[in-house]
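Order of writing sets the labels: A, B, C and D. Residues in every chain begin at 1.
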Amino acid sequence: MTYVLGKLLHIVIVAGAVLPGVGAVMVWAERRVSAFMQDRLGPNRVGPAGLLQPVADLLKFIFKEDVIPGHVNKTLYVLAPVMSLVPALVAFCVVPYARGMAIADVNVGILLVFAISSIAVYGISIGGWASNNKYSLLGGVRASAQMISYELALGLSVVPVFLIVGDLNMEAIVRWQKENGWLVFWLFPAWVIFLISSYAETNRLPFDLPEAETELVAGYHTEYSSMKFALFFLAEYIHMTTASALSVALFFGGYELPFVTLPQGVWGTVLSGLIFFAKMSFFLFLFIWVRWTLPRFRYDQLMKLGWKILLPASLAIIVLTAGGVALRETLK
Amino acid sequence: MSGTVNVTVDGKQVAVPGGLNLIEAARYAGKSVPHYCYHPRLSVAGNCRICLVEIQGQGKLQIACNTRVTEGMSYFTDNERVRKAREGIMELLLINHPLDCPICDQAGECKLQEYAVEHGSGITRYAFEKVRKPKNVSWGDKVVFDSERCILCTRCVRFLDEVAGTPEVGLDMRGEKCTLVVKGDGKLTSPYQMNVIDLCPVGALTSRDFRFKSRVWFMHFTDTVCTSCARGCNVTVGSRGDRVLRMVPRANPDVNHNWMCDHGRLHYAFVNDETRLTVPRVAGKGAPYAAAIARAKAILEGARGQGILAVASPFMTNEELFAMKELLDRLGVEDRFFLKPMGEGDDLLVHPEKCPNARGAALLGFAEAAAEWPSKEYGALLHFAPHEGADLPEEALKRAKRRILFSLKEREADVCFPLTTWIEKDGTVVSAGDRLQRLTKGITFEPTLVTERTVLDRLHASLDASHRPPDTAAQALARLAAALPAFAGVTWTRIGPLGMKLEATGAPA
Amino acid sequence: MADFSPELLAKVKDLWKRYPERKAALLPAMHLIQKERGGWFSPETIRDTAELFEVPDIHVQGIVGFYDMFHDEPVGRHVVRLCKTLSCKLRGADELRAHIKRTFGVDHGETTKDGAFTFRCFECLGHCTTAPMMLVDEERHENLTAEKVDRVLGGLR
Amino acid sequence: MKTRIVKRPQLSVGERIYFATVVKGLLLTIKHFFGVCRDLFDWKNKKTAITMQYPEERWDFKDNFRGAPALVMDQFGREKCVACQMCEFVCPPKAITIWPAEFATKDNNVEKFPDRFEIDMLRCIYCGFCEEACPEEAIFLVKEAELVHTDKKDFIHDKGKLYEMGGIREDRILKWQHK
């Protein structure tokens, strides 16, 4: 009973406060960073340095009229943002964001993440279809095709990690890295593929074709407004958070630091959490940084990159890694 | 003076009636010669000099207005010499012009402006101080005179002398001081004096009534007919924002030439009266049309046994009268009258019948009300009050138990429908000399107002569901023409903007 | 017929015979009328003249206004017209005008206090060879000097 | 039309691999990012940031700036407008409405004046046609551009407001003095 209550509390704190909180700060960071990169200042009026801007945005979203256009499939239209947000939240559950602090420390952790985050595309596709709008539909179709294409590369790029570590459990992967060094040094090409694929998976530039403003108005969320739009928005940022967290956990040593042994107990946990967040923050910043640097891919380029380059490359890496692992085992 | 002569205008050969002057003859060749002082209905003065043309074989340029065509004549209205001469005349006329177009009511329909653009050089070489002459001189309560704008064409002098028969204006002084003066105390007395405002090609004579009310380019113009008397002078009504601002005569050689009387011209205030009735009243309370028509239907049906008195108005159009006639036929009403306001007339235009369509009412089977009213008691009265003048005497009104009135202003009645004025509807009237003329809708006084014909038709349809009323005035006229021999063969387009004579009535021309 | 003297009417009728239409005789007749009616056209005179010639009043009024030799204001017993056009001006007409103003107290268009004469400056009277000159009623005075002017005008008193 | 055929540049292998250029781009944006970060601490001598922090910093309008239209008086304090309604006519969004009236006295050259003169600033598009059309040089677009009200009625500038904004403008054209 205590266990269940504790888990529930954990879930509520992470899914109800931490992740939306990160998402909210990301909204502010995105606007500020993008402004700085364009020689502007961005929102700096609401609160110190504009930090309360997300609060103002949220209030605005809440008080805006919730428009449901007459021509939409109402059930699916209302459901879509939720279907988009929930998998994003759930996918985070296996991420060990501090020592021993994964919500679900399961032994198939990374597979669960892929399984769940694949569902997220339904939210977008259904949102695009239910809007009954050509731009939204195109956005939804693009999202599904893009997800399927890059899911493959994403999944295959992580396989070498399992090959080397020999475990699917996230905690185990982190522990392995503590002992043998960050996996990124072993699997740099695989990490690059993972990074690129995760950008495509989260619909971020340079792969934001599902919402490509210049072509599709706003893609799948053209017809959405007020809180429903906010949910889509939040889902995207939480996806980014999850992707960054996975990058940290799988390739950058998770919550541990090399050459430093964290103390045991509560302080160790807090410290490890801070380390994790610091690493994650860098990747989140990278998301923004890349977005405001690179232009959008053309659709054929996107497909070409996914199928003709990333997929063979990741397969090649697997073969090479497998060979390496076999050699290691033989030499042992 | 008769027969045709062949002339060559700017190299184009045309055959024109003999005796024409060169301005009129040039029209046959599609050429227009500018003119200020010349007016086709006034004598030729030849003092503005803008109509100079070059006649082949004659050394000097000649004024086109005072030269008549001869066989084989060839003249140029638009060659280099003529253009240069016009340019010079324009420069001369504008030397002392005050250029106060911003405050001049003529601006927009001013011949000086038009010709300055078409024929002027755009510059002046005259660098001295301009001559000051009296401005804003009151010529009585209708006409305002501005001597600085005057180009001394004497159109006004000639009109008052030759047409109105009251020579009151003349030229005084000479040279730069030359100005128009009015006889005696300086006030015009002619009942046709406001025509000089239309005649004045520049802004020297402007209307006190229209003064500064609107620039002409803001106005909406409607060609219609004046309804102040039975003459039916053709007019153009200028309105802005659904309010009538002025009326000016429209040339019709068979009715009013280019003139109209001052009374008719100024007689439009009742149209703009903001206190007019705009919604029907049932027992003294405002009501929607549907309710008022239902009440009227109940009254008419209830009064069938006791008799109904119908009094039409000679201000109604033929189409309205016909709609009323159809309704009365349905109800079996025998006693149909109309009231005809009478007044003074004169030899020129003013007709003693002070209503536009008394003849039409008579043709549609309404009897002119005699001095004595039928002494019968009636169950109901259906009465269209005339816009003004004679109305039903009080005892006649009281003789009916229930009253349905159509009136401009609110009146005591069981049902009181608002009247619409002549400028708010399409229709036809029969003017003096059995001339059928068209009224054209120019304004919508209030969007809530429904014309009388529609009210009558709706009332009729409520009594008889098979009644299919016509939509437009043209359709109503076609129905009327089919039903009455006097109107046989008449169609909306055949009447045309200038009207037509009703031949079938056999009245003298 | 308006109350003009029989002599005048006779002269006017005589004038009428000389022109194709009566109106044409208006100018010579008006000179006669002006003389008979005290040297100027009062509104009554204008009305009478118009009545005689069967033209609008305003027509006669226009003629009076147009021509300088007709007056629409009362004048003195005599009318003195001093030429002010080029030749006379060069030969001292301006000085004579100033002299007259000094001596008799009248300038252009004014009448002496005793009503002896009305002084007017006039455009060329056609005697440039003997400039400066002036016209007293219908009598010419040429090669004027200040003394001569004093003498002539003094004689009018 | 003259056409010029632009040859597509042949990308080198390094460029086609893309990574070097991506990194180049990333370095460029981060340079600007840190540039603005630096400016934040020394705003007076800012080098990278270009935006104006509006309420604290303001534009210096040039003389041909087209702000709100306003009426001017001449140096004798008389209104120059004679209510000719040319501006009302030329106004593309029909923002101007004039009710002309006649002077009761006749002691000046002008007979007409605007009894009421209203410009609906919610309709005005600041095109300046009124200024161009005005024959009396009585209406000008002034530099006032910050029109903020909480009531729609306040956006309708009446004669008093327009003269208050326009003030006095010395001019040679004086309809009152001579024609």
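Everything below uses one rule, namely that a contact is a pair of C-beta atoms (placed from the backbone, for glycine too) under 8 Å apart; a residue touches a chain by one contact, two chains touch by 3 or more.
Computed from a predicted model, the values in this text were never measured in an experiment.
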item	value
Most centrally placed chain - per-chain CA mean versus overall CA mean	D
Averaged-CA centre spacing for the pair subunit C and subunit B, given as whole angstrom	50
Euclidean distance of C-alpha centroids - subunit B vs subunit D, Å	47
Centroid distance [mean C-alpha coordinates] between subunit C and subunit A, Å	114
Distance between chain centroids, defined by C-alpha means - subunit A, subunit B (Å)	81
Chain contact topology (line, ring, star, complete or other)	line
Every chain pair meeting the contact rule	A-D, B-C, B-D
Complex interface listing, subunit B residues touching subunit C	157, 161, 167-174, 181-183
Subunit D residues within the subunit B interface of the complex	82-86, 88-89, 100-102, 106, 109-112, 135-136, 179
Residue ranges of subunit A touching subunit D (in the complex, touch as defined)	33, 35-41, 289-290, 292-294
Subunit C residues within the subunit B interface of the complex	56-59, 61-62, 65-67
Contact footprint of subunit A on subunit D as seen in their complex	22, 25-26, 28-30, 32-33, 35-37, 48-51, 53
